[in-house]
Amino acid sequence: MDAKTPSTGRSGAFESPPFKFVGISTFLHAAFVEDWSNVDIGLIGVPYDGGVTNRAGARHGPREIRNQSGLINKIHHRSKLAPFDLCRVADLGDVWVNTPFQPEMAIDNIADYYSRVHAAGIVPITAGGDHSIVLPILRGISAGRKLGVVHLDAHADTSPGRWNFELYHGGPFRMAAEEGLIDPHRTIQIGIRGATAVPGVWQYSIDSGMRVLEIEDVREMGLNAVIAEARRVVGDGPTYVSFDIDCIDPAFAPGTGTPEVGGLTTFEAQQLIRGLQGLDLVGADVVEVSPPFDATGLTALVGATMMFELLCVVAEATARRKGVQPKSARA
Amino acid sequence: MDAKTPSTGRSGAFESPPFKFVGISTFLHAAFVEDWSNVDIGLIGVPYDGGVTNRAGARHGPREIRNQSGLINKIHHRSKLAPFDLCRVADLGDVWVNTPFQPEMAIDNIADYYSRVHAAGIVPITAGGDHSIVLPILRGISAGRKLGVVHLDAHADTSPGRWNFELYHGGPFRMAAEEGLIDPHRTIQIGIRGATAVPGVWQYSIDSGMRVLEIEDVREMGLNAVIAEARRVVGDGPTYVSFDIDCIDPAFAPGTGTPEVGGLTTFEAQQLIRGLQGLDLVGADVVEVSPPFDATGLTALVGATMMFELLCVVAEATARRKGVQPKSARA
Amino acid sequence: MDAKTPSTGRSGAFESPPFKFVGISTFLHAAFVEDWSNVDIGLIGVPYDGGVTNRAGARHGPREIRNQSGLINKIHHRSKLAPFDLCRVADLGDVWVNTPFQPEMAIDNIADYYSRVHAAGIVPITAGGDHSIVLPILRGISAGRKLGVVHLDAHADTSPGRWNFELYHGGPFRMAAEEGLIDPHRTIQIGIRGATAVPGVWQYSIDSGMRVLEIEDVREMGLNAVIAEARRVVGDGPTYVSFDIDCIDPAFAPGTGTPEVGGLTTFEAQQLIRGLQGLDLVGADVVEVSPPFDATGLTALVGATMMFELLCVVAEATARRKGVQPKSARA
Amino acid sequence: MDAKTPSTGRSGAFESPPFKFVGISTFLHAAFVEDWSNVDIGLIGVPYDGGVTNRAGARHGPREIRNQSGLINKIHHRSKLAPFDLCRVADLGDVWVNTPFQPEMAIDNIADYYSRVHAAGIVPITAGGDHSIVLPILRGISAGRKLGVVHLDAHADTSPGRWNFELYHGGPFRMAAEEGLIDPHRTIQIGIRGATAVPGVWQYSIDSGMRVLEIEDVREMGLNAVIAEARRVVGDGPTYVSFDIDCIDPAFAPGTGTPEVGGLTTFEAQQLIRGLQGLDLVGADVVEVSPPFDATGLTALVGATMMFELLCVVAEATARRKGVQPKSARA
Amino acid sequence: MDAKTPSTGRSGAFESPPFKFVGISTFLHAAFVEDWSNVDIGLIGVPYDGGVTNRAGARHGPREIRNQSGLINKIHHRSKLAPFDLCRVADLGDVWVNTPFQPEMAIDNIADYYSRVHAAGIVPITAGGDHSIVLPILRGISAGRKLGVVHLDAHADTSPGRWNFELYHGGPFRMAAEEGLIDPHRTIQIGIRGATAVPGVWQYSIDSGMRVLEIEDVREMGLNAVIAEARRVVGDGPTYVSFDIDCIDPAFAPGTGTPEVGGLTTFEAQQLIRGLQGLDLVGADVVEVSPPFDATGLTALVGATMMFELLCVVAEATARRKGVQPKSARA
Amino acid sequence: MDAKTPSTGRSGAFESPPFKFVGISTFLHAAFVEDWSNVDIGLIGVPYDGGVTNRAGARHGPREIRNQSGLINKIHHRSKLAPFDLCRVADLGDVWVNTPFQPEMAIDNIADYYSRVHAAGIVPITAGGDHSIVLPILRGISAGRKLGVVHLDAHADTSPGRWNFELYHGGPFRMAAEEGLIDPHRTIQIGIRGATAVPGVWQYSIDSGMRVLEIEDVREMGLNAVIAEARRVVGDGPTYVSFDIDCIDPAFAPGTGTPEVGGLTTFEAQQLIRGLQGLDLVGADVVEVSPPFDATGLTALVGATMMFELLCVVAEATARRKGVQPKSARA
């Protein structure tokens, strides 16, 4: 018996089985690897939602994004970027949070994991999980740098702690700024909207110097101006992209914990991500996909699509940093 | 035992329990009251759908709008209006329709209820129910005035009676005009669309002097021009806002009885409501939310959000009428 | 204006509006009260699921059980018990857990609440929430007594702590026994089944003297013998009934966090509860109804129905303790 | 061009297209006919739910039962009855209720239709619609006879009128008995259960001499004894079978207006219907299938299956009355 | 008995029963006919999805589009076209594919059917089915002409064969061009988007001279320019319109086999179809509606609506070809 | 950087992450392997449904069974069998069907794969896919033996070919018998039911000597007698178990292509599988799980549970054949 029997488990999942529903699910058909020594970009799941204040469920996000990844192909139809040709991209599996009842320890687990990812020279693209995970991700990868941030979200997530607790999904960007992980002056928040429980809940964003574009600002300015403004704000420095799925309108992405009507379309979100091409992107995430509230799987499909859009621009940046000339595939 | 044990039943639902899924559901977290003597604005459910010609289910609308209200906060992110600070807002419960098999009596029940609401000096914001309920609401609150109307809908609802019956959801605005409850010349209908069963089904709108903007007109004019036109039409007089959820595209609000594709986005609907700030608003409704056709609850969430948007502009008008200077909260 | 305007908010919800979908939702149509001084049996929601190890969502259980309560009437068709005639039954609202990120504090919150319920002389019937809440409920109401327990569940929930944590939904009955809140020799567990992660996970049940009937035992013995055995085990002493919805097969109750196929039918579960009539019942719960996994609302309806079945036998016991002769209504 | 082009519209739908999802949907693949002159058994839809007191939706029942009919074949696997070989069976379309807002007129419409069906010598098998339609059906077909009735249901439907109205789905069998359309002493009600709103709501059943078997009676007696009792009660006289889908447990048939947990399994229901073979069956119905509450279509499939089971025993009786010797097909 | 008993089976379905859920479902309420001798436009179902490479289900499309047709009326609200007044429109039933396991034979079946439709002088409007059916439709109706094509889709469907197979839904337009059924220079593809599996997968479109507008092109040009370009490309010659439902964003039309986020809105799609009025339209289709992935029926409703939009412009063209002056109804 | 970084990708998935929703999904948490040299039992997916005659979708079965496997633990609660301790169990991934449009070639692909599995000394447990795959599985593993078969199903699947095609899911057991892969006299079919399209469709079963127990026979005999009969029929020889999910009632397992109401409960199915312990089991499958028709995931959970039940008895047999003494774990 030949041990190299062709299989549809993971490797070569793209070329081999003709149909998208075949084989074990990984992010965007990437091979799952346990050996991190040959990876440029790591696709990582963080199935943790211990920071939500309303509807839980984002813990199931990575699994469903992997499933819906089956529908995604590999060459970008517009930019012609082929990220799997530009970089060595792998699915690293999920972060192992073994203290879910103690958020402090969970956050430390995640931060430790990302420190090792960073130490391995891997650029992470994460599927959450709730938005509280962006704090330990930033702790793990900032490495003394103050990162710029392009933050797409319905909520600014710069609230002070509530109920004797800080590590919830409403405040990670405040904490990250206070800890010096990000530079508020190189941070832009796009798509903010929705009634607030208390006045000034997002005041920290303004006071710290972040650029805040509410959804109404986005529509008034137009997408091109928003993209230009984002590029201006983050500049040439290392930049992280955090994509909360609730930046998108719940008609397009209903499966999330705190939906706000009146949001971005998926088309707009795609344009915004594509507009970041050429920046010095050092990591990205898609968070708050909550499958229990996603009856049709559409939100996970949107999550997988946005993960692909992010992969394209992050791979282009990563290849550039490595001195590789990103060549366009002709789709 | 202290009878004033803190509870999460109804009062203080906003401040007290940190999470939105806690406590008995009321409209927008308002306290439910049985004593009407200290209420400026009453949030009222009318669980009646005896006027539908196709798919029933709007009878369950108030309940699900109350449920989805859990996701709504209290300070408007754009206008900074904080309606609960401007006015005394309460959930008055549901209208008691005890003759559902006799539409004539049901309509009389509802009209009688709203007469008492009006007599109590309460401005009503209603969650339906099908659109036939707007006739008895107007009978109850017009009080000899011919009200202006901003009517958002896919259907003009000015059809003559059918099948030996007038009190159905296709004709209330014709009847209201004929009864002198509303002024057709101060009435604007926005978002009308969809094939019709007979020619001239909405001819009454035109003939009576109403301003009719089909969805194509809305897109051609642009939102700002539509808002300006609405303000021009209704002018300074007392004005009622009737919001049929099917004005919105079924991608955003699938749970309704007679969906018509190609409608408004929720963002557009929000802008239209906000554009009414400053008018002399004397009541409003959100009708035709039909939970049995709303698999994900999204339509009820949209309904609750629109109810909040309406509450903001109605509260501003109500406070103004009372001589209160609406102060903006800083969200 | 008469402040006593008939309303469909809460009181008299049964008699007044003819239809079940009218009015603000409470448990089984009971009046919501904030004054505990005239209550014999309190229906209480505990919207907390901080103890789950897999799929969260039971935090939304009380709200949906209230909603589905609309379908339940008030006189038992078989026993003719009319609990609202036997006792003063009220919906007390939800327990106010304001430290959801610190399970230890949440559990203390709940225990404190039930101590006050007990001090007020109120017999509690609870809608969870996950099963970890039964520990603080028992802490609140055991009052120095070692209670007997009839425990219906797919899992024995007597596991030791995991991941440096004890207060999860897999171990409350072990902790309750160790704390002397319940008497293992007067405890019976019915419906246990499903593969286990480690050997002897439920060994504590056996070692401590609990009677464990796996689902196969139930089917082999027959319902009548199971009921007899349950009555024999708990005897005449004060007894608590804990009903985990996952004792029922997921075909009948899919909306739960850790479903196990091959369970009880709802008919069987109803017979088991009815078989407890005449015992000295001092409290009961229905836990683990998880609406995000309950696409059709069926599980919440089953939960509401079981809550009604429990109310009937608990009301009969409560009336008996008060010296009232339970009279049967003729349905 | 040959006008007799083979089509998959309606005729020969069984033999022709190999797959069940092809062609215009009719009940059980029967040909739709407008000419009633060659029909023994008519399959009829009554899309009317103007008699429901809670959740509407049964108006959509006929359409979805037709759709799910695609999954049903034509020879009974157990009895070997092949109803389409025994009788001329046709889909007659839907009853044309053009006064839905006036229940009295609607009921008259239906009664008139069934009078014509009866006059045409057609035995009707009806898909409802809510249970109020059984009254006009019986008015149309009793023809001076007092029919026996086998009534499967969770509710006895012999309640007095409520809210100044009699023609609702809670009382048709009381009215039918009072009008002399059915013989209470030849009527058996099977599967009754569920809490009641008022004492003695079904007292009329007992007082008039109907045999009432609650679900607990069914389980205690066993199916064979129930069948024997049903045959004893109705005897040799002409008998109608009324099948309310809510006799079945909502796990098996969730899509109905007033579900009651703890009901029959579909297997039990099938046995009960088959047990009626040989009686003098003169009509049957399947009512209360409510598609808006039937997320998966399962209830409509159950409805179609029960319609087929009824068709088999009704066709056998019809063939017998015509002097045809029912021959078994060998499946 | 009068054989002309009014029925709600099919004919006069529009005028007769007041409600849309009554009667046997046909496309857009058209009468189903087996005699093709008096038909101008035939509405045809092709329940075949043997050409899909990912998620099957479009075989159920015709049935659900017929069902959702119940919600569509008959006079266009904007163009005032009343297609049933302009032409004799009938539902011809489904194409009878009796060799589903042999795609080659199935495709031949379909082509043969459409040859006969064409020979009968009937203009076909088809509800698929997957997109592979457009090849045999074109084979059947091109009749030696090279048709122009307006093709709305997320995918260009001009791929070469894969896996030793050509007759799949990714390549029909390449095959049609190669066979001379369509003129690539008179073909425009609108809405193309989404990552591709291999470079140059749609290269045939470019190389053969088709005009390809990706979704980004559509948004940049604006709808009016796109319509003008489509009219320029197809010119005055005979033109076919092929509408793949996945041209629309999955928020609006989730029920399809290969959804691509970031697509057209239904409003945009409606405008594009209306913009074709006046062209020499000789046939049209709506394909890839896949009910198993359409939890709410919304996609089938969109499909039915687009079928109505296509019927309006095709009927106008057909009437014109017959020398009838299309008169506008006044809606 | 240590390449052996703990991961939650696949290995040790059981012990390591405390929660079931973490990590890449495999069947029953088994490690996915590409090297077949250390595997006793292979869990294999066959995502192929090219043999269905009605509703497709079983191609998605393996993926969803892997997902729902997250809820399954590893030690059987009743038999105490711990299959992962008894044997080396691995997930081998999916069979690579690269000719889906040519069923003949697809069937050959599958047969070839299973020949290699058999040559590697691996006992296969398969998740389908439709039931046509059992033919190539048997071709691959029968190895000149005539296998006994325990076949649980609603349909006997011994039909002759239809529409010029034999390789469909209605006939694999006839073909297997004709090819000498199975011994009809050592074959038992359990749970058969449902109307048939033509007389004698399953006559081959009877004529060839198979033992056929319809569902009514199962209920009349009782489970113990059915188990005894199954053991008598297959005797001591090598035996395959084929489990079509539609043997189970659609209330418990709605997500399948040809549901038949009135089927087994999951409890009954579990008992039947457990009753096979001790036989010489050489392979097993679970087929016809069709996720597009499984709105809640329940059917896939049932599929995963039955796969675990089969794994327990197959592992016991495999260990026995290897001379290992199956030791019970103490659950």
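As written, the chains take the letters A, B, C, D, E and F, and residue 1 is the first residue of each chain.
FYI, contacts are C-beta pairs under 8 Å (C-beta built on N, C-alpha and C of every residue); 3 or more make two chains touch, one makes a residue touch a chain.
Since the structure is predicted, the reported quantities are computational estimates derived from the model, not experimental observations.
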item: Touching both chain D and chain F (chains); value: C, E
item: Other chains in touch with both chain A and chain D; value: B, C, E, F
item: From chain B, the most remote chain by mean C-alpha position; value: F
item: Repeat of interface D-F, chosen from B-C, E-F or C-D - more than half of residue-number contact pairs shared; value: C-D
item: CA centroid of chain B to CA centroid of chain F, Å; value: 55
item: Between chain A and chain E, centroid-to-centroid distance (C-alpha), Å; value: 38
item: Residues of chain C touching at least two other chains; value: 18-19, 21, 53, 55, 59-60, 70, 98, 100, 163, 249, 251, 293, 295
item: Chain-level touch network, classified as line, ring, star, complete or other; value: other
item: Touching pairs among all chains present in the structure; value: A-B, A-C, A-E, A-F, B-C, B-D, B-E, C-D, C-F, D-E, D-F, E-F
item: Chain B to chain A touching residues, read off their complex; value: 14, 18-21, 70-78, 82, 249, 251-252, 265-267, 270-271, 295-296, 298, 301-302, 305, 308, 329-331
item: Residues on chain F engaged by chain E in the complex (per definition of touch); value: 49-51, 53, 55-57, 59-60, 98-103, 163-165, 167-168, 292-293, 295
item: Touching residues on chain A, where the partner in the complex is chain F; value: 1-11, 16-19, 21-26, 32-37, 45, 47, 59-60, 63, 66-67, 70, 91-98, 100, 116, 119-121, 295
item: Contact footprint of chain B on chain A as seen in their complex; value: 53-55, 162-163, 192-203, 214-216, 219, 249-251, 254, 258-259, 261-263, 293, 295
